[in-house]
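Multiple structures follow.
Next come two complexes, and both contain chain A; in the first it sits with chain B, in the second with chain C.
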Partner chain A sequence: MTTLDQHASVRPIPNPAKSLITKLNMGTGIIVGVIFAAATYFGLKDEDMLSMQQNSKVLLATMFMWSIGFMVGIGAFIGPVRWLIGKDLTDEEQLYLAGDGQGIKRYFKYCTDHKVVGIQYLVGVMTLLGVGGTMAMMIRTNLIQPGSQFVNPAVYNSLVGLHGITMIIAMIIVATGPFGNYIMPIMIGAADMAFPRLNALSWWVLFTAIPVLCSAWFLGGIPTGWTAYAPLSVQAGPGMNAFIATIIIFAVSTAVAGANITATVVAMRAKGMKWNRVPIFVIGATISVALAIPAFPTFMLSMIMTGLDRSFATTFFDANLGGSGWLYAHLFWIMGHPEVYVILIPGVAVLMEIAPVFVRKPLFSYNAAIAGFAGIAGLSILVWAHHMYISGWMPMLNGPFMVTTEMISVPTGLIFLVILGTLWRGRPWMKLPMLGVYAFLWNMLIGGITGLYLSDVPADNYLHGSMYVTAHFHYTLMGAALTGALAGLAYWFPKMTGRMLNERAGYISFWLTQIGFQILFLGMFIAGAEGQPRRVADYSVNFATSDLISTIGAYTIGLGMIILLWAVIHSWRHGKIAPMNPWGAKTLEWTVPYPVPLVNFDTPPVVTSDPYGYGKASN
Partner chain B sequence: MSADTKFHVHHDSPEKIGRRERLGVRLLIVADGAFVFGMIFSYFYLRNLNVNNGWIPEGGHTFSASSGWVVVIPFIFAALMHRLAVRSGASFKNLSLLTLIVLVVGIVLQWKQISTMPFQVEGEEGMVFGYEGSYSSSWVLIAGANMFHYIITIFLALGLFIRARRAEVDPVLEKWRMATATSWFTWVAISGIACAITTSFI
Partner chain C sequence: MSNEHYEMDPTPGEKLKAIFKQRDVQIATAWGVLVTFIFFIIGGWIYPSWMPTALSTDMKAIERLIVIFTWISAPICGIVLGFSIYTFMHRHKGDTPPADGPAIRSNPLVVGLWVIISSALCLVAVVYGLIEMNSATAATAENKTSALVVEVTGSQWVWSFNYPEQGFSSHELMLPVNRPVEFRITSVDVNHSFWPVQLGVKVDANRLQTTVVDTTPNKIGELEVKCAELCGLYHTYMETTGEVMSKADFDNWVTTQGGHTA
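Entry: the complex of A and B
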């Protein structure tokens, strides 16, 4: 515990007499979750467990009951049950749930304070990135030379799939989780989120998905990659059930979080904060989660269908009995492509928030930035079938989908222009967060241009399924979105922890990560263009040099990330105490001290100007 | 950005809370709507593809077009009765009890429909092997979604009835909660109708 946390914990703890909520925490959640899971498993288990159908039924039920049991055990249903019986939570109980004065213990409870939820998300994201990154290192180690056999092909397949889904989940929440929960309500001058209990629910439901996903390892892994195409996923081993349960649980968490963030921004902005005064990060995060609200349920639906096919022998994806693999591909990619922008938009919005602060200029064309985000979000739901060009589905529609996909480069170009316009003739203050802005411009340029080739039907016929695709989406998701999120971490670290992030370690980490990233993925473009397939454990000797270089790049990134992890942990415990507004920024979160008061503002703020008033706008 | 430092006592009004809650519920309805749309899309997609004539395989069973409507009628009645209850004020308690009863009848009907579906392929000793084809699979899914809607809606209706019986609940806040619940009651009725129309196309 830091001295700053100790300062927070000396406040008297509300003690609602005889209330069950004072006795529940993560420990009771785990105990009840395990009891529910064990009771389900042993209650349903029978001698027919060898049949895949029965096995899937029992495993899926066990995983869902773990999740429900955990939520019962941590007290998530106390509020709804009390509502049901007409005995609403008292003010004292609400205050207790908000974790008032409970110090570090509140991080292990069903705490409704958005700042606690933000920190929980931050730690959760770092854990997921660490696990996914470790799997990436194992993948690259296996590819260090042809025939290396570091892991066997089955384990390699599982590594690729689990790395993919772990990173996708981590990246979806990487900016909207920690910053959307901790920073965003303060940025808009709100006392809390619109639905504090749903806020805690979204985190803890997600938390229950993590052990479920990890259990895939002990159930034989997932052989399908993160796309889990049917009918392969229907025929896969028991580990697939863990994947299915994880996605369904995650989709619930995402829907709840999306509704909560959107309702907060729409209905709880401070007096005077008109839409044209809302910070651009808030706009980006809101568009992102609003896009996720309709997108993720279709992914959930595809997983429910897969689960039903596996457990009850329905035939959604069985072509012998009227099913179709194309149906899965549609449902998956109707979510799958918007999901790329659900990841990308908040990361870019963080960088747009940072750029004006560090060049001391207004954001160039705020309206164009919003138009860019809205254009990307709108077009993203019209492009899904570009992932199906070579599946044989409706070749006559390849042309229209090529056009809609290429059109996305227009709003993306706007985003570029906004950032370039903001930097233009500015005098950048080259602190750690600002480096991310420049890294984004380079990485997104490469990621965007290489994407144009993949949107083109003839080029995609050749490049589909190659390492070129892997390199392209890593440039957009990691090179742009993760870079944005890490810049956000450096930028808001002082507000979230009360301390400055170690700048020297941050610089070293940044350069190692970015240089390693270029080494890893630039070479991968070439290998892919020359025909190296993705998701394959071995490769031709022709690609040996390129893959060796890529693996060196991966290790360099790994080193950079370890240094960043050390910097975060060390700075959190021993870093220099941060002033209230170390960057001289003008958004509302910098007007509150650390620790941020429970209701954020002693006096509700009244906003009288736009958030980027650093001087005369250049446009 | 500058912040006015004048002191404001900040208490959210019931109207503000109501607006927030209604928006939140409607956003969750959007998510549920995407799910329902996905089911309907899947139904028509598989029906029109009819891969290997497996939509309804030879000798396969079908439900009549009215089967889908039978389980939806309680949703429609419940939505209408809830609206009436919200408007009536004085007789809210009695009407919300009626709403609850109608929904319980609905869930019983839905359960009976699911448990007596004729689509399952059975082997020796009545062991179930699976389902006849993609028509029956789509029916199972839609019936399951209706069941989920019944469970959530009964929870809401039960809560509203119990709260209406208790004198100590805040009547002003309750009014907004009733209005918020109306969104959900209306949605499940619309969703049920959409699913019933879908399953009318055999």
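Entry: the complex of A and C
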């Protein structure tokens, strides 16, 4: 303390109120972003705009300049620039950036506090899920009966693609965004993330991608689905540029966030928190982002190449001029398969964190849980070509890819064992988070077993590209990963908002969404087995029953999600005030009060055991 | 001395027996057996009833494979759901947490057994899949000489079928029964995926590349041909019909189309 006092007295205290950083917020970001974008657009625009190449060049440049302009306007570059000119930010300015004592305003600023970033991610995720869910409702409405023609085929194709990419983006950040930022640093006893400014950067870069993605609608939509296969993506209309720019911007955000989370877990753990004392959610989130770090650049690369093909007439994917569509498929799926585990692992890890608390038993076989996650992550980078069994690329490699794919069932089996072993001989306390654990067991079982058929080459010859695939990956991503994230929301809601989530509304929402989910995707499995291709706007009469069942299930989910949204908003404002540790958990985040102090802990915690010390040792 | 030690440390087999003597394990196992039985029925009868009539050897093999895979996974479902149901039935309600349960941190025997069983089931699935793939490859080699060649071309948003041997083209896919057929598939614009549903084959039509797939239609019946890869605006409507017909009917049809029969 004395050194700090001396430090303060030697240097004159600059008044942060006069500094530029106090003037900047989301509003100035949007203004500067729009100015940058407009200047780029009108600067580059010429009479040649009707040609697709010129059009793509201008639109892509405009979108990137919007993103850069926004980051300039919100003050993302003040820190680096001040450092470069040798006038690094003062302590007072750092404190100001952390949003100390600024109330609600700090959520609209370039705020470095991990708790603010966590809430920003939470609201962002909920918005994306809402938008993606609305598109899902429109898709199912169009499929309610043969020939319903609720939307035209062009709009339908855009709905399918934009629902896909919106949900993929939302699901990638659904657990690591809100909980990885808000809860995880407290869980490991850190004062903040390793790189607080990068943390703010990752959120606001992601934020700039949202208007870009929305602009796809006003540029004519995307005809390709979220897989954006070339050559269809190369010949697609201007909306495709929005898709390309979104992915490139999003990849920057995930790379920054991934590096930050990994560095935080490696370097910032509390004293005594050895690797075998780290809470399993932290392990899962770290493995997930560590898997994302190598995966997403290939998606970014594939999009850069698509953008070049479109705007500079390169021929990466043009078979006519020496390119190959298979090259795109490889780049896409080298990202695409690890990506589903990037989504799944944090959701599962949340449930593994929840189960011991509500069963009052230690996590069963912590080592098996880590082996499961690590095994899944390791194998997942060797399986991508199972998406290409029928593409005609190297049929002789289908066998090896089938073997690696089916091997994933072994580490996935360990995940089931860990959760079942934790439940076994306990008396599960049936609160909302615990219900998610049971929903996960059922949904992941169905999702995993249906994956077995798809991993098999001969069966995939029939099932590939059918509704069966759609049902399968919704069971894993929505039934398992989203259920895990929502259980996490119910579990950590008291810590993040200071209030309890409305239980009655939570239960109603849980049962509506879960039952609706089973109805929806049972119908879709049947439609797929009957031979209905996916991504079709219309279908013949023999699929009418199964599609009607699916649409009824979808509306049930929609109703459940609206109730959940109401419960979250209502409880956030008027909910019962939460005690410090409502569930009696032993992880560190429950040892801090709400509102969580700026540096989380008054005295840095010292860890002496893992957080699963429940129960009496029997032998 | 060593005998005494032996009695104090039971072998894994004895430990396993002891596990199954416990009442809760027995009840959970009973639930598991029930679940396994239900999945056996779903796999054996309900599942195949959703699928369209098989008109080829490949489609028949796929049906068989799906049944067998469901049977392989039925015990997994039994274990997971049996134990889940048991714990769910012993749940704790109320606003205060339950008393702490036993501090079971791990059980190497159970973990080891679990890994061995899941690996074994995985191995069965892998080996069975590889055998099916191998027999399909063998059939391809055998059919090479006698196969009817059909050149399939996908374009936005139409399938066309060229019969080079007979010297004509059509937008309908007619095939003679019991003669191997070799599809040579290509696309003139974007990726499509050629899917004659009842034949159990599906291969992408890649731009300016030819992919080859073969099968043997072995039953007379109606065919649906679809596109299984999103190919732009009217992807939904890129479908056509066809038929597997007797040799005489096929020759007839070839003649009406202006082709020549051998």
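Just so we're on the same page, the second predicted complex is superposed on the first by the 599 of 619 C-alpha atoms of A that agree within 3 Å, B and C clash if a C-alpha of one lies under 4 Å from a C-alpha of the other, contacts with A are read in each partner's own complex, and residues count from 1 in each chain.
What we mean here is this: a contact is a pair of C-beta atoms (placed from the backbone, for glycine too) under 8 Å apart; a residue touches a chain by one contact, two chains touch by 3 or more.
From a predicted model like this one, the values you see are computed outputs, not experimental measurements.
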*What is the contact status of A:153 with respect to chain B (first) and chain C (second): first, second, both, or neither?*
second
*So, does A:316 touch the first partner chain B, the second partner chain C, both, or neither?*
first
*Just chain B (first), just chain C (second), both, or neither: which does A:531 touch?*
second
*Now for A:360: first (chain B), second (chain C), both, or neither, which partner does it touch?*
second
_Just to be sure I read the superposition right, which of the two partners does A:235 touch: chain B = first, chain C = second, or both, or neither?_
second
*asked:* A:195 in the overlay: touching chain B, chain C, both, or neither? Say first, second, both or neither.
replied: first
*asked:* Just to be sure I read the superposition right, which of the two partners does A:586 touch: chain B = first, chain C = second, or both, or neither?
replied: first
*With the two structures laid over each other on chain A, which partner does A:25 touch: chain B (first), chain C (second), both, or neither?*
neither
*Would you mind listing the overlap between the chain B footprint and the chain C footprint on chain A?*
319-320, 326, 613
*Residues of chain B touching chain A in their complex?*
1-8, 10, 16, 19-20, 23-24, 27-28, 30-35, 38-39, 41-42, 45-46, 49-57, 128-138, 140-141, 155, 158-159, 162-163, 165-166, 168-169
*Considering the complex alone, what residue numbers of chain C touch chain A?*
24, 47, 50-52, 58-59, 61-62, 65-66, 69-70, 72-73, 76-77, 80-81, 83-84, 87-88, 90-94, 97-107, 110-111, 114-115, 118-119, 121-122, 125-126, 129-130, 132-133, 136, 185, 189-191, 193, 195, 197, 200-204, 206-209, 211, 224, 226-237
_If we count contacts the way the header does, which residues on chain A are in touch with chain B in the complex?_
53, 80, 83-86, 88, 189, 191, 194-195, 198, 255-256, 258-260, 262-263, 266-268, 271-272, 277, 290, 293-298, 300-302, 304-305, 308-309, 312-316, 318-324, 326-327, 330-331, 334, 586-588, 591, 603-611, 613
_Taking the touch rule as given, give the residues of chain A at its contact with chain C in the complex, in rising order._
153-154, 156-157, 160, 223-225, 227, 229, 231-232, 235, 319-320, 325-326, 358-362, 364-368, 390-392, 398-399, 402-403, 406-407, 409-410, 413-414, 416-417, 420-421, 423-430, 438, 441-442, 445, 449, 452-453, 456-459, 461-462, 464-466, 526, 529-531, 533-539, 583-584, 613-618
